[in-house]
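Okay, so subunit A shows up in both of these, paired with subunit B first and subunit C after.
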Partner chain A sequence: MRTYILRRLLQIVPTVLMITLVVFVMMRSVPGDPVVVLLGDAYTEENAVKVREEYALDKPVLVQYGIWLGKLVRGDWGASILSGRPVLSDVLVRLPVTLELIVLSMGIALLIAVPAAIIGALRQNTWADYTATTAAMIGVSIPEFFVGILLLLVFSFSLHGFLPSSGWMYLPGTCPSMVCGVSVWGNLQHVLMPAVALGVGRAAILTRLLRASMLEVIRSEYVTTARAKGLSERPVVFKHALKNALIPTVTVMGLQVGFLIGGAIVVETLFAMPGLGTFGIDAIIARDYQQVQGFALITALAFVVINLIVDLTYTFLDPRIRYA
Partner chain B sequence: MRAPYALSGLRFLMIVLTSLAVFVSSSALAAEPKRGGTLRVAYGNEILGLDFHTVPGYEMIWVATNVGCGLLGITPDGKFVPDAAESWQISPDGLLYTFKLKRNVLFHDGTPVDAAAVKFSIDRIMDPATRSSMRPFYEAVHSVEVLDPHSVQIRLKYPYAFMMHMLAAYRMGLVLYSPTATQKYTLEERKAGKAEAVVGCGPFKLVEWVKGSHLVMDRFDKYFEPGLPYLNRVVIRVIKDPVTQMAAFKAGEIDFIADFSADHVDTLRAQNPGAQIMTGKETTPMVAMMKVTVPADGKPMSKERAPHPIFSDIRVRKAIGCYGIDRKEIVKIAFKGQATPWLGIIPPGSLDTVDVTSMCPYDPARAKALLAEAGYGPQKPLTFELLTNTEKSVFSVIATMVKEQLARLGVTANIRLVDKPSWLTTTTQDGPFDMYIEDLATLLTVDQNSYLSMTTAGWNHSRHTDTKVDEYYARYAREMDPAKRKAIAKEFQEFSADKLYWNTISGSPFYQVAQPWMKGYVYQAEFKVHYKKVWLDR
Partner chain C sequence: MKQRPISGGSLSAVELPVGAVRAVPLARPASPLTEALRRLRRSATALVGLGIVAALIGVATFADVLAPRSPTASDQAHTFARPSWDYPLGTDQLGRDMLSRLIHGSRISLAVGVSSVLLALFVGVPLGLVAGYSGGRVDTTVMRLMDLILAFPIYLLAIILMVIFTPTAGLIGTMKVTGAIAIVRIPIYARLVRGSVLSIKEKEYIEACRALGVRTPSILLGHILPNCLAPIIVTTTLGIATSIIVEATLSFLGLGTQPPTPSWGWDLKANVAFIQTYPWLSLFPGLAIFVTVLGFNLFGDGLRDALDPRLK
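This part shows the complex of A and B:
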C-alpha cells in the first residue's frame, strides 16, 4: 500500500508538469497580449519592448517555461504581470473558498443522488423511479448559471435578501486577510446557493449512474443469497448492495472534480465569490500568464490528489481490492 | 497675475459638465450630515493594480481619487477648486504656474505635502522610465521648481491652455505620492496594493486590497479638510454580473454601484423606486473606427504605410461611416433611446464639443452612389471585417445593426467577435482589421483626445497619417483665448467629420446607482468618484 501511494505521488510530478506545459504553450498561442493590457493607454512600441524584456516575454516559449519552472522549484510561483501581486498568496487566499464550495456541492449532490438512486433502483418502473430519473435528466440538462440565476431571483431578489446574493463570509479562524466577515451562519448563508447551483447537475449525473449500478448489484447472486439467508432489506441494501454499487460512482465523483472546478468559474462569477474560479477566469481574460499558470498548477494538483484519494477509498468499499 | 479659482474666460465645463446631470440629493442639502458608517460599493470590473501613475483602468482611478489628493480639483460646473494648493498664479505669458500649498496637508505616512513632494510626483510622471500614460500631457512642462517648502512652480516650454484641466482631471488628475513611501517601496509593491506603499494625501487611506475579493479604505483622521470625510470606511467589492448587482442592491447589501450596465437600468428602476440613478451627457464616444493605412512592409507598427485596401478611399469611408450608418436607429434600438446620436471627434458632454452630426445624415442612396463611384456594386460587392469585443453586450448589438444597415447597401460586414485583450492587441498593435465598434476613453476636452488620434499616438487605431490633425491639436491646445480656441475646435470637428479618420456613432451612456440613504454624492461621470462628502442617512 505504501509503495502504491508513493508511486502514485511520484506520478503526480510528470502529470502536473505536462498539464502546466500544455497550459503555458496554449496561453501563448491565444491571441491577446498581456503587455497591451498592462500598459493600457500608456501603450507605445518603445514601452512594450521594455516591458517584454522585463518580464522575459521576448524569449522563446520553452525558455519562458524553464524560467517559470526554475522559480517554482524554489517555491516562487511568480507575480501577476498586471497587479504585481504574488501568485501563491493570491491562490492560497482563494483556495479555501473554492474547496468549501466544491466539497459542499458534492455533499449536496450525494444527499440528493443516493436516496434518489436507491428508490429508483428498488422501485424500478414505478412513479418514484420515473420521478427520480426525470428529475435527473432535467438536472443534467440545466446549466449551473441558470440554476444560479433562478436561486438568486427567488432567495435573494424576491425574498428581499433571505440569502445573500454575493460575496463571502469566512468560517471563524480562516480569514486570510485583515478585513473579513467571519461567522458560521453567515458562511453557510453565502455558500448555500452557489453550492446548490453547482451540486444539482452533479446530483443528476450521480443519480443516473448509481441507479444503474444498484440495478446491476441487486440482481447479483450474493444479494439474492443475502436475502435467502433471511437478512432484512435494510442491511441488504445499505451494507451489501450500496457499498458495491458505490465503486463506479466514487470513480466518477473523482472525475467530476474537474467539472466542479469548471462549474466553479461560472458560479463564483455569478455570486461574486472570491474563489479560485474567478481568479482563473480573470487571469485568462487579462492574459495574466503567471496567474494562469498558478491556476493551472493548483487545479491540476487538486485534481490528481483527489483522484488518488478516490482510488484509495476503493479498499474501504471493497476489501478484496489490494494495492501492491 | 493671480488667477481666480473659476477661470471664467475658459468657461470650459460650464458647457461640459453643466450639461451633465449633476446629482446632489435634496435631502442631503437639507439634512445635517451624519458621521460614521461603512459605505459598501460595487465595481463591475476588477481593479488592475494600485500604482496611480501607471496602472490603467477606471476602477483604479476611482480608488486613486479617494486615497490621493492633488493640487486642485474641479467642480461639475467647471470651476477649479483648491485641493492641496490654497492658491495659484499664472504668469501673463502663460508659462509659469505657481502654486502656494496649504500648510496642514499630510500624507498618510505622516510626512508633509510640500513643494518637494509635488515636484517629486510630477517628475515621476514625466520620467519616461515610469511609463505613465499621463506623460504626453506633460509634454509642455519644462521643469518643476521648489521655490520654498510651500511654493512650487511649474515652468512650461510653451503656453498650454489645458494645464489646469490636466492637473485637475485628466485621467484622475495629478495624484501626489509620498516621496518617502514611494522611494522606500517598489513599484511592484505599489501595484500589488501593499498599504504601506500606496501612500497618498486623500480623505481615505488604503487598508487592504485582496484582489478579487475586496478593497478597504478607512477615514484618514488627519485629512486637511475639517470634518471630512464623514464615513469611517469604504469597502469596494467586484460584482461583475449585473443581475447579481441588482440582487445585491435590492437586498440592501450594497449602497452604491459605481458603473451600472445601461441595459439593466430600467429593470433596476422598476424594482427599486427609491434608487438614485445618476447619469448625464455622455463623455465617452461610441465609435465605428475605420482603418486608413496598413503597414507597407507587412510588419505591424511599421512607419512605412500603405493605403488600406478599402477604407483609405474617402468615398468608401463616407459611404459606410457617414451616410450608410443610421445613428438614430442605433441609438433607438441599442441604447433604448438613452444616448445621443453623434459624429464629432469628442462626445456630447465634453468641452468645446460641436454637434456636426448633420454632416452625415442617413442617406442610403448617396452611400450607394459613392460606393459605385469607388467601383463597388453588384459586380464587385464590398465585403469587410467588422471587429468588436465581448466587454459590453451593446457592442455586439451595434455591430449587428451596422451589419444589417450596410446589407441594405449591398455591403457585407463580417462580424468578428473577440475578447477584450484580443481586441486591444489587434487594434493597438496595428493588427489586421477593417472597422471596429467600441467605446473609448472618457474625454473632458478636445485636447484630451490627442492621445487617441494624433498621428504619433500609440492609440491612433485608424493609423491615419494626416499631420493636419496634429496641427489642429497643437493650435487648439496652445490658443489661450477661449473664443478663438472654440473656433478652432469647431473647425477641427468639422474637418474630422469630413475626413472620418475618427467615426463616432453616438455617445456611450454611463450610469451610477445609489441607495436612497446615500447622501452627499456628486455625480461627475467617469472622471471623478469622490466619497469624502458622502454620508449615510439610516
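This part shows the complex of A and C:
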C-alpha cells in the first residue's frame, strides 16, 4: 500500500509537468501582449525591451518554461506581471475559499444523492422513485449559474438580504493574511448559496448513477443470500448493497472534479467570491502569464491528488481491491 | 475473453417448471431497429424530449418569421419595459425585445450544441476506430494524445482555447466556440469507439471478413462501425445537452459568441446586474437554456433505454 501511494505520488510529477507545459505554450499563443497593458501610457520600445528582459519574455517559450520550472523547484511561483504581487501568496489567500466551496458542495451533493438513490432503488417505480428521478433529471439539466441566480432571487432579494449576494468571510484559522473578515456564521452565510448552486448538479448526476448501480446490486445473488440468512434490511442495504454500489459512483465523483473546477469559476464569478476560480479567469483574460501558470499548477495538483484519493477509496469500499 | 460457465444456463430456463414446453415463436423476429423504434415510441420521456427538441428546431429555423421584432434593434423609448402585450417578455437595458432575442438566441445554442458534437464525432470516431483496430504504436500514440486532453479540467481547456481564438460576433464567433467545445469533447468519442472496437474485432465474423480478403476500410466502416452505433448515438444526444451547457457557461463568462449576436448565456450575464429590479430579464434566458438541455437529456435517456435495454 505504502509503495503504491509513493508510486502514485511520483506519477503526479509528469502529469503536472504536462498540464503546466501545455498551458504555458497555449498562453504564449494568445493574441495580445501583457507588456503593452502593463506599461500603458509609459509604453516605449526601450521600456518594453527592459520589461521583457526582466520577465524573460524575450527568450524562446521552452526556455521560459524552464526558467519558471527552475524557480518553482525552489518554491518561487513567480510574480504577477501586472500587479507585481507574488503568485504563491495570492493562490494561498484564495485556496481556502475554493476548497471550502468544493468540499461543501460535494458534501451537499452526497447528502442529497445517497438517500435519494437508495429510496429510488428500493422503491423502484413508486411515486418516491419518480420524484427522485424527475428531480435528478431537472438537476442535470440546469446550469450552475442559473441555480445560483434562482437562489439569489429567493434568499438575497426576496428575503431582504437573508444571505449575502456577494463577498466572503473566512472561517477562523483559515485566513492566510492579516486583513480578512473572520466569522463562523458569516462564513456559513457566504458559502451556503454558492455551495448549493454548485452541489445541485453533482447531486443529480450522483443520484442517477447510484440509483442505477443500486438497482443492479440489489438484484445480485449475494444480496438475496444476505436477506435469506435473515439479516435485517438496514445492514443489507448499507453494508452489503451500498458499499458495492458506491464504487462506480466514486469513479464518477473523481471525474467530476474537472467540472467542479469549471463550476467554481462560474459560481465564484456570479457570487463575486475571492476564490481561485475568479483568480484564474481574471488571470487568463488579462494574459497575466505568471498567475495563469500558478492557477494551472494548483488546478493540476488538485486534479491528480483528488483522483489518487478516489483510487484509495476503492480499497475501503471493496477490500478485494488491493494495491501493491 | 470472459467465458460463461457452461452449467450456469439462462435464468429463464431454470425458472420454467418441469415438463413445460417453451413456446417457439413462428413469426420472424423483428429487427433490432424496429424493436428499438417500438420501445422509443412507448417511452413517455423520450417523446417529451423529442417534442421539446423538435419545437426548438422549429423555433430556430423560423426565427425570422416567429420573432415579433428584430433581436438587435434597440428602442430607447422602451428600455426595461415590463412584460406586456407589446413586449411579452419585456425589454432589456437597450430597449431590445427579450422574446425576439430568446427566439433568435435558440440558433446559437442549437447550432453550437449540435455542430460541436458532430465535429467531435467526425474526428473522434475515426481516431477511435483506427486506434482500436490497429493497436500497437498507433493505438498508444492516439490514446496518449486523448489522455492529455482528458487530463485537463474541461472548462480550463475550453476557456484558454476561447482566449486564444479571441471571441467575436456572428458566424465566425459561433464557429470559434464550436471548435473550442469540439476539441474538448473529441476524446470522449475516441475512447468510446476504441473500447467497442477492441471487443468487436475479436469476433468470428470479423475474422471471417479478413479471411475473405475484405479490405480494412470496409471492415471498419461496414462491419465494425455499425456494431458500435448504439452507444455513439446515445452519447451524441446526451453530449449535445452538455455542449449547450458549456456554450452557455462560456457566454456567461463573456467568452462565447459576442454581441450583437443574440445568445442566451450572454443575455443572462448582461442582465444579472439588474437582477434585483428586473429579475425576469435573467430568468427567461436561464429558463430557455434549462428547457433546451432538459429536452436533449430526456430524449437521450429515452434513446438509451430503447437502444440498449440492458442499461435500464
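Couple of notes before you dig in:
One rule holds in what follows: the second predicted complex is superposed on the first by the 316 of 324 C-alpha atoms of A that agree within 3 Å, B and C clash if a C-alpha of one lies under 4 Å from a C-alpha of the other, contacts with A are read in each partner's own complex, and residues count from 1 in each chain.
The rule is simple: a contact is a pair of C-beta atoms (placed from the backbone, for glycine too) under 8 Å apart; a residue touches a chain by one contact, two chains touch by 3 or more.
None of these values were measured; they are calculated from a predicted model.
More subunit A residues lie in contact with B than with the other chain of the pair subunit B and subunit C. Residue contacts after overlaying the shared chain place A:S183 against neither subunit B nor subunit C.
Of the two partner chains placed around the shared chain by superposition, subunit B and subunit C are both touched by A:L152. Touch criterion met: A:V37 reaches subunit B, while subunit C stays clear of it.
Looking at the shared chain after the overlay, A:L270 reaches both subunit B and subunit C.
Of the two partner chains, subunit B is the only one that A:D90 touches; subunit C does not reach it.
In the superposition on chain A, A:V23 makes contact with subunit C only, not with subunit B.
Look at A:L82: by the touch rule set out above, it reaches subunit B but stays clear of subunit C. When the two structures are aligned on the shared chain, A:P164 is found in touch with subunit B, with no touch to subunit C. When the two structures are aligned on the shared chain, A:I285 is found in touch with subunit B and with subunit C.
Across the superposed pair, subunit B and subunit C both touch subunit A at residues 30-31, 149, 152-153, 157, 269-270, 285, 287.
Remark: subunit A residues 30-34, 36-45, 47-48, 50-51, 79-80, 82-86, 90, 93-94, 149, 152-153, 156-157, 160-161, 164-168, 176-179, 269-272, 274, 278-279, 282, 285-287 touch subunit B in the complex.
Those residues of subunit C whose C-beta lies close enough to touch subunit A in the complex are 45, 148, 151-156, 158-161, 163-164, 166, 241, 245, 248-249, 252-254, 268, 272, 275-276, 279, 282-283, 286-287, 289-290, 293-294, 297-298, 301. Of all residues in subunit A, those touching subunit C in their complex are 15, 18-19, 22-23, 26-27, 29-31, 137-138, 140-146, 149-150, 152-153, 157, 257-259, 261-263, 265-266, 269-270, 280-281, 284-285, 287, 296, 299-300, 303.
Subunit B meets subunit A in the complex at residues 46-50, 54-57, 131-133, 135, 187-193, 207-208, 210-214, 216, 235, 237-241, 243-244, 246-248, 250-253, 271, 301, 418-422, 424-426, 428-429, 441, 451, 458-459.
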